[in-house]
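Note that chain A is present in both complexes that follow, paired respectively with chain B and with chain C.
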Partner chain A sequence: MDYVLDLGAVTRHFGPLLEGLWVTIQLTLAANAMGLVLGFAVALLVLSPVRLVRLPAVAFVEFFRCTPAIVQIVWFFYCVPMLFNLYLGSMTMGILALGLNLAAFNGEAYRAAIQAVPREQRDAAVALGLSPLQSTLHVILPTALRLAMPVLLTNGIVIFQQSALVAIVAVPDLMYEAKSLATKTYRPIETFTLVALVYFAVSFPVSQVVGWLERRRAVAMA
Partner chain B sequence: MHLDFSILPRFADALAYGLWLTVRLTLICIVTGGALGFLLALARRSGSRLLRAVSTVYVEFFRGTPVLIQLFWIFFCLPILLGVELSSFVSGVIALTLYTGAITSETFRSSLGTVGREQMDACVALGLPARVRITSVILPQALLRATPTLLSNAISLFKESSLVSAVGMADLMFVGQNISNNTARPVEVLTAVALIYFAVAFPLTRAVAVLEGRILRKLAV
Partner chain C sequence: MFDGTRDQTALVRMEGLHKSYGAVKVLQGLDIEMKRGDRVVVIGPSGGGKSTLLRVLMGLEKVDAGNISFGGRPYITVRNGKTVIDTEVRRSIGMVFQHYTLFPHLSVLQNLVLAPCKVNGEGTASAKARAQALLDRFGLGARAGAYPAQLSGGQKQRVAIARALMLDPKLMLFDEVTSALDPELVAEVEQVMLELAAQAMPMVIVTHDMWFARNIASRVIFCAGGVVVEDGPPEQVLGKPIHERTREFINRVFHIRA
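Let's look at the complex of A and B:
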């Protein structure tokens, strides 16, 4: 290999990369906030005894889980403005697309967790005369949230990585800045390696925390 | 706005061509990635500290970075490092194999963990050589337990493979985007593409769920 590495080509342009990382982090946090709240609502709808409520929710979840995220994002950016005559900023669109995707995946996590909430707890809630809303918010949600936490966090990391896809529709996130920097400097190896390491540096610690939580739970259950 | 889905049949051939590339890419990488994943899982459980460290770093790295950047890396950096031109199909296969290997190794690792310690002891007591121990005792059981997750991984791979459109491979997504740009009818075309992906992936997820129930019942007996 007669290729001389020049890390300076990348480090000289750190500004745009940092801005890109900030956009990526904003996308991730906003999508997670949306996914965590909307996901729980989706799970409640999926578990609803009313068919008319359940079916659309199930269709929503299955559709988002069974199509590629990149198709969803491109669809969102091209079709939503045309279909609904709705023109939003690219950042908002990115958050909505990623947030809906995450809501579908988190919905599944919440559903499994809600079903794992012990029957006695619901009975107790009824016996105490809690309204359905009260028992959902104060009995089911706290327990389900605890049970679902490792999966929710893992989904959160996955969406951090998936957020790189918005680079394809020209949202200036970390991936987008990396692409344009690699093209501008003709230094793809340095740029992509460094940016991959940046992504890794963010997601690795979080996944370690998830592993730690799971081990702690395994011990607590035993 | 006015939707006209009647333009779609004209592009059926092109979409079928794209789907065929997607399917080929997926099937090849299921096999290569599965094999790599199994080897990695063995390496992560090996007695050698070096093997363990290298395989752990590999798996964590590929799981901790976006697939898109892995693809870009393989497409733009690997040819420079190796000094050879790789066809885009080969690059796509390499990138998705490396990624699938990391994902699959985790599946194998947890299923290997469920093969009881006694079985290993029994193998040693019977004096089985390491190769027989792996291929005739550990592998069949680990494979059975890992099957549902492996199949789910395969479905994920089918979806993830759409990323190769970003590096210009003519898969279903790429063909769809091209048609959508040329006809200026993104709603019809992209919806159709999404539905094609769905039509393949959804029945498979149902089948996996059914199979999982059967395997669980079988293992419980």
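Let's look at the complex of A and C:
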């Protein structure tokens, strides 16, 4: 192989890459804020005993779970403005697409965690005279949120990685800046390797935290 | 709070309780009358309705027909096919379960004060003082700050009993509370229950531990097929049962050939 590595080609252009990383982080944080809040609402709707409330929420979840994220982003970016005459700027559209996707996955995480609280816990709450609301607030949710935490964090970090997809709809994130840099400098190996390392450097510590939380939970629920 | 001890009628009267899960009939016309000071141990084969009986009595399960009164006051009734539960009466009954009894995110002390503070509006300081006194009494005073995961199974069940006692129940229900415990931890839990018995706490106990049943019961009920088959003092039901079905069960439990 006669390719000579030139790391300088990348280090000379750190500025745009850093700006891209900042956009990626903003996308991730905003999508997670949306996913954590909206996801919880989705879970409550999915768990509703009322069919009319439950079915649309289930449809929402299944739509996002059963279509590729890249299709969702492209659809959102091109179809929403045409269908609803609504265009909010590429960044906002990117956040909305990623946030809705995350809301669906987090909704499932919350739902599974709420259902995983042992029936005896609810029974004990009733036997102690707690009202349904009190039992939800003081018994079921505290346990369920702890159970959901590792999955929520994993989903959050997946969205950090998935956010690279918005590069194709011209959101100037880390991946977008990397592509333009690689094209400009003809240095794809240096650029994309560095970018991969950046994604890894952010994701890996979080996945370690998830592992730690799961080990701790295994002890706490025993 | 509703005081079930004031009048002198039966403490609990269950009449014609019917309950099915889909096609499976679990209770098929159960009648039990319990007097004050009765310590009823319910025994019987799996699926015979023992646990369902306790769960119904705690107001955790709906019934298809029948009614329960507590201290002469209607507690559970069926109106137009719907089970109506008087939650004020329900608050005077305490229950301890086999598994996952304590709330894992709360310390021992917090487990004890949650209901008194949230349900009865008791002040935190007073509830904590009572909780600490109860824990001291059960030899758990030093574990007040511990979390359930840090306790042994026997300690968890003793805390669960203390938690139920915080609400001054007029009746305590125990659903196989020692079944999931290591054998060497059973005695410490049974000891606490015997202490409550000595203080004349009315109880309904479901257990497979016949030795314990004989020691704590003032009355043993043999339930099978969703009805009461035999009901009498422990010496009779556990020793010389009258009914053939009871005899078969007792013999099988004690591994004695009939």
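We take it that the second predicted complex is superposed on the first by the 197 of 222 C-alpha atoms of A that agree within 3 Å, B and C clash if a C-alpha of one lies under 4 Å from a C-alpha of the other, contacts with A are read in each partner's own complex, and residues count from 1 in each chain.
Quick note on the criterion: contacts are C-beta pairs under 8 Å (C-beta built on N, C-alpha and C of every residue); 3 or more make two chains touch, one makes a residue touch a chain.
Keep in mind that this is a model prediction, so the values were computed, not measured.
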Touching partner for A:Thr136 - first (chain B), second (chain C), both, neither: neither
Per-residue touch tally on chain A - higher for chain B or for chain C: B
First (chain B), second (chain C), both or neither touched by A:Arg146: second
Which superposed partner A:Thr67 touches (first chain B, second chain C, both, neither): first
Which superposed partner A:Leu128 touches (first chain B, second chain C, both, neither): second
Chain B versus chain C as contact partner of A:Gln26, first or second or both or neither: neither
Partner chain in contact with A:Pro118 - chain B first, chain C second, else both or neither: second
Residues of chain A that touch chain C when the two form their complex: 118, 120-121, 123-124, 126-131, 134, 138-139, 142-143, 146, 219-222
Residues on chain B engaged by chain A in the complex (per definition of touch): 1, 60-61, 63-70, 72-73, 76-77, 80-83, 155, 159-163, 165-166, 173, 176-177, 180, 186-187, 190-191, 193-194, 197-198, 201-202, 205
Complex contact set, residues of chain A against chain B: 1-3, 62-63, 65-72, 74-75, 78-79, 82-83, 85, 161-165, 167-168, 175, 178-179, 182, 188-189, 192-193, 195-196, 199-200, 203-204, 207
Residues of chain C touching chain A in the complex: 55, 58-60, 87, 90-91, 93-95, 97-106, 114-115, 118-120, 147, 149, 160, 163-164, 167
